[in-house]
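Take a look at the structures listed below.
Note that chain A is present in both complexes that follow, paired respectively with chain B and with chain C.
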Partner chain A sequence: MFYKIFIFESSHKVLKADKVLTENKIKFDVIPTPKEFSSDCGLSIRIKESDAELLKVEAILEKNDLNFKVHNKEMK
Partner chain B sequence: MKTVDAKGKLCPVPLIMTKKALGEIKEDESLKILIDNETSVKNVTRFLEDQNLKIATAKNGNVFELMVTKTGEIPEDISAEKYCTPDDKQGNYVVSIQRNRLGDGDEELGKILIKAFVNTLPENSILPKTIIFLNSGIFLALNDSPVIDSLKKLEQSGVEILSCGTCLDFYKKKDELGVGRVSNMYDILERLSAAGNVLYP
Partner chain C sequence: MIAYFDNSTTSFPKPQEVITAISDLLTNYNASPGRSGHQFSVRAAREVFDTREIIAQLFNAPSSDKVIFAANATHALNLAFKGLLKKGDHVIISKMEHNSVLRPLRHLEEQGLIEISLVNCSVEGQINIDELKKSFKPNTKLVATLHGSNVAGTLFPVKEIGEICKRNNVLYLVDAAQSAGFTPIDMQNDNIDLLVFTGHKKMLGPTGIGGLVINGDIKINTTIHGGTGSRSENDLHPDFYPDCLEAGTINTTGIIGLKAGIEYLLKNGIENLKEYQLNLTRFFINQLKGIEDVILYGAVANTDRLPLVTMNIKNIVPSDLAFLLDHDYNIMVRAGLHCSPLAHKTIGTFPQGAVRFGIGCFNTEEEIKYAINALKEIIFKHK
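And then the complex of A and B:
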């Protein structure tokens, strides 16, 4: 399965992202940041690449002043 | 030639079918065994080799064809089932989740950490034998849990998932259990005491 991995600047930002995405009823997973993506924060958010809500997610994050980087990764 | 079709059958069924068929054929007669999963091929091969039988294995698409010639009687008292080894991926450890967060400290951080923990479990090289949910841990096993997909994936991979019935009842969530089954302290203590290791995240 291919996923988009959203990486944030700090744990607090991940907590906030978790909160706003949950409030917006988005389906996502919190995962430890995959080792190959360096980040100051050990946690990331994962969304299925095929998910139609991907653009909505980006819009929600931007609206809440959450800066992020997106990576692609195939995971089990 | 007699053929045993054990496609779609999981251990120990292919072993039992093979042993039975060998009992039915005559000396020097050959038997063909069809199996479609590698674990069963290994187990059946080990079983036949221990009976000093020669095996030729061929692969046809997803199906393995094992050819064996009967060169002696298989003793009745040999237990074919004991050649059934669990999948190598399954470890002998139990994860006991006693609350809906990980570690002490900030509650919000704890809640997000437990999500990351559970979501990583399906990718761990060795899967737990059982995951147990107790007290507020049961909230992670409910239909609306943020980690329900990962838990279902684990269950499909053969991980047993137990939730404390008393706890589901206390929080009035019995109807909302989304994965695994309702359990009691007898079963839970049994799993914990039989485990090689117990993880308390």
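And then the complex of A and C:
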């Protein structure tokens, strides 16, 4: 399965993303940041690449002043 | 009857919701918040995040990432003073301040780093605003005052002081140890740059949790460095809030209890609970006024004030009175200087101090009547 991994500046920002995405009924997981990605924070958010709502996610994060980087990752 | 009147020191009892929330954490998901990424860790982290959000909302702070958790108000004040002040800075405080403000500043003064000006206060414990206005110097960096006096029960006009500080381009720190959770606080409207609170008094949480809330872009250098769960590959401590001021595993138990305490306040209405406590305070003061040999101190009963009563009985040492109340009547109060020698000098009760009844939202009129009768009996026996 292919995922988009969203990486943030701090744990506080991940948790804010967690809150606003939940409020917007987006399906996602909070995961430990995969080792291959450089991050300031031990937690990241992953969303299925095939998810139709993926496009909405970036808009929601930007609207809430959350800076992020997106990476691709295959996870079983 | 058992009557607990030491709520200005630590509030008791706590709402059942606080006990339930802490018990739920310790029973069901007590992991390190945000450190490990598994479901318990994430759940704990969400609770901590929600608590920062609710605190930012409670004090109308612009950003929840600048809600910094500390062990208590003293710890938070130390973080602020030692992380903010530099050599040559001048600080203005009042003569009602608690040792938690006075001692860290005196320490910095003793090291030759800062100078301090103390603004006089009235015998009722109210700050002299004209003198405050005249205390500013070119190197004044900070004004630090309490919001509510733990000794006199006065509430300082923080909005007015905040405006004066803003006009002088000086930061304003408010020590809200006594007032947070008792009376509404609006950091943005009142020009409060730094707000210090503790969880175990009027916010109805457990001991061991407090914090510092920062309004806007203010750099506070950390005096504690260590693990944060963020930027772990780097030797240097992170520079972003809240991590930069929080090293080591934070007090999740305290934070979750505090959150439940704040939710209790919001559910019941801070203004409603305030009015209830002030009605009891005014009733108590009015009854005491009718008793010969009772000496009352501090704020006038009908002003906007804290729910505490500071008093003495003629010819009885305060510590003896407190012991008699506890031993003979199961009435718990606090006697002495309340960690505030400056304030007791201001109201004229230094060095013997006074007896303080701290009224909380779970005290009742029956308890007040019981205390009044106990005081009358003690006075009668000492005649």
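One rule holds for everything that comes next: the second predicted complex is superposed on the first by the 76 of 76 C-alpha atoms of A that agree within 3 Å, B and C clash if a C-alpha of one lies under 4 Å from a C-alpha of the other, contacts with A are read in each partner's own complex, and residues count from 1 in each chain.
Keep in mind that, in the parts below, a residue touches a chain if its C-beta (ideal position, glycine included) is under 8 Å from a C-beta of that chain, and two chains touch if they have at least 3 such contacts.
All values derive from a computational prediction rather than experimental measurement.
Of the two partner chains placed by superposition, A:20 touches none, neither chain B nor chain C.
Of the two partner chains placed by superposition, A:60 touches none, neither chain B nor chain C.
After overlaying the two complexes on the shared chain, residue contacts for A:41 are found with chain C alone; chain B is out of touch. Once chain A of one complex is fitted onto chain A of the other, the partner contacts of A:32 extend to both chain B and chain C. In the superposed pair of complexes, A:9 makes contact with chain C only, with no contact to chain B. When both complexes are overlaid on chain A, the residue A:70 reaches neither chain B nor chain C. Counting contacts by the rule stated earlier, residues 11, 14-15, 18-19, 30-32, 42-43 of chain A appear in both its interface with chain B and its interface with chain C.
Within the complex formed with chain B, the chain A residues making contact are 11, 14-15, 18-19, 22, 29-32, 42-43, 46, 75-76. The residues of chain B lying in touch with chain A in their complex are 108-109, 112-113, 115-116, 119-120, 122-123, 146-147, 149-150.
Contacts from chain A toward chain C in the complex involve residues 9-16, 18-19, 30-33, 40-43. Listing the residues of chain C that touch chain A in their complex gives 34-38, 42, 45-46, 48-50, 52-53, 64-65, 229-232, 238, 240-243.
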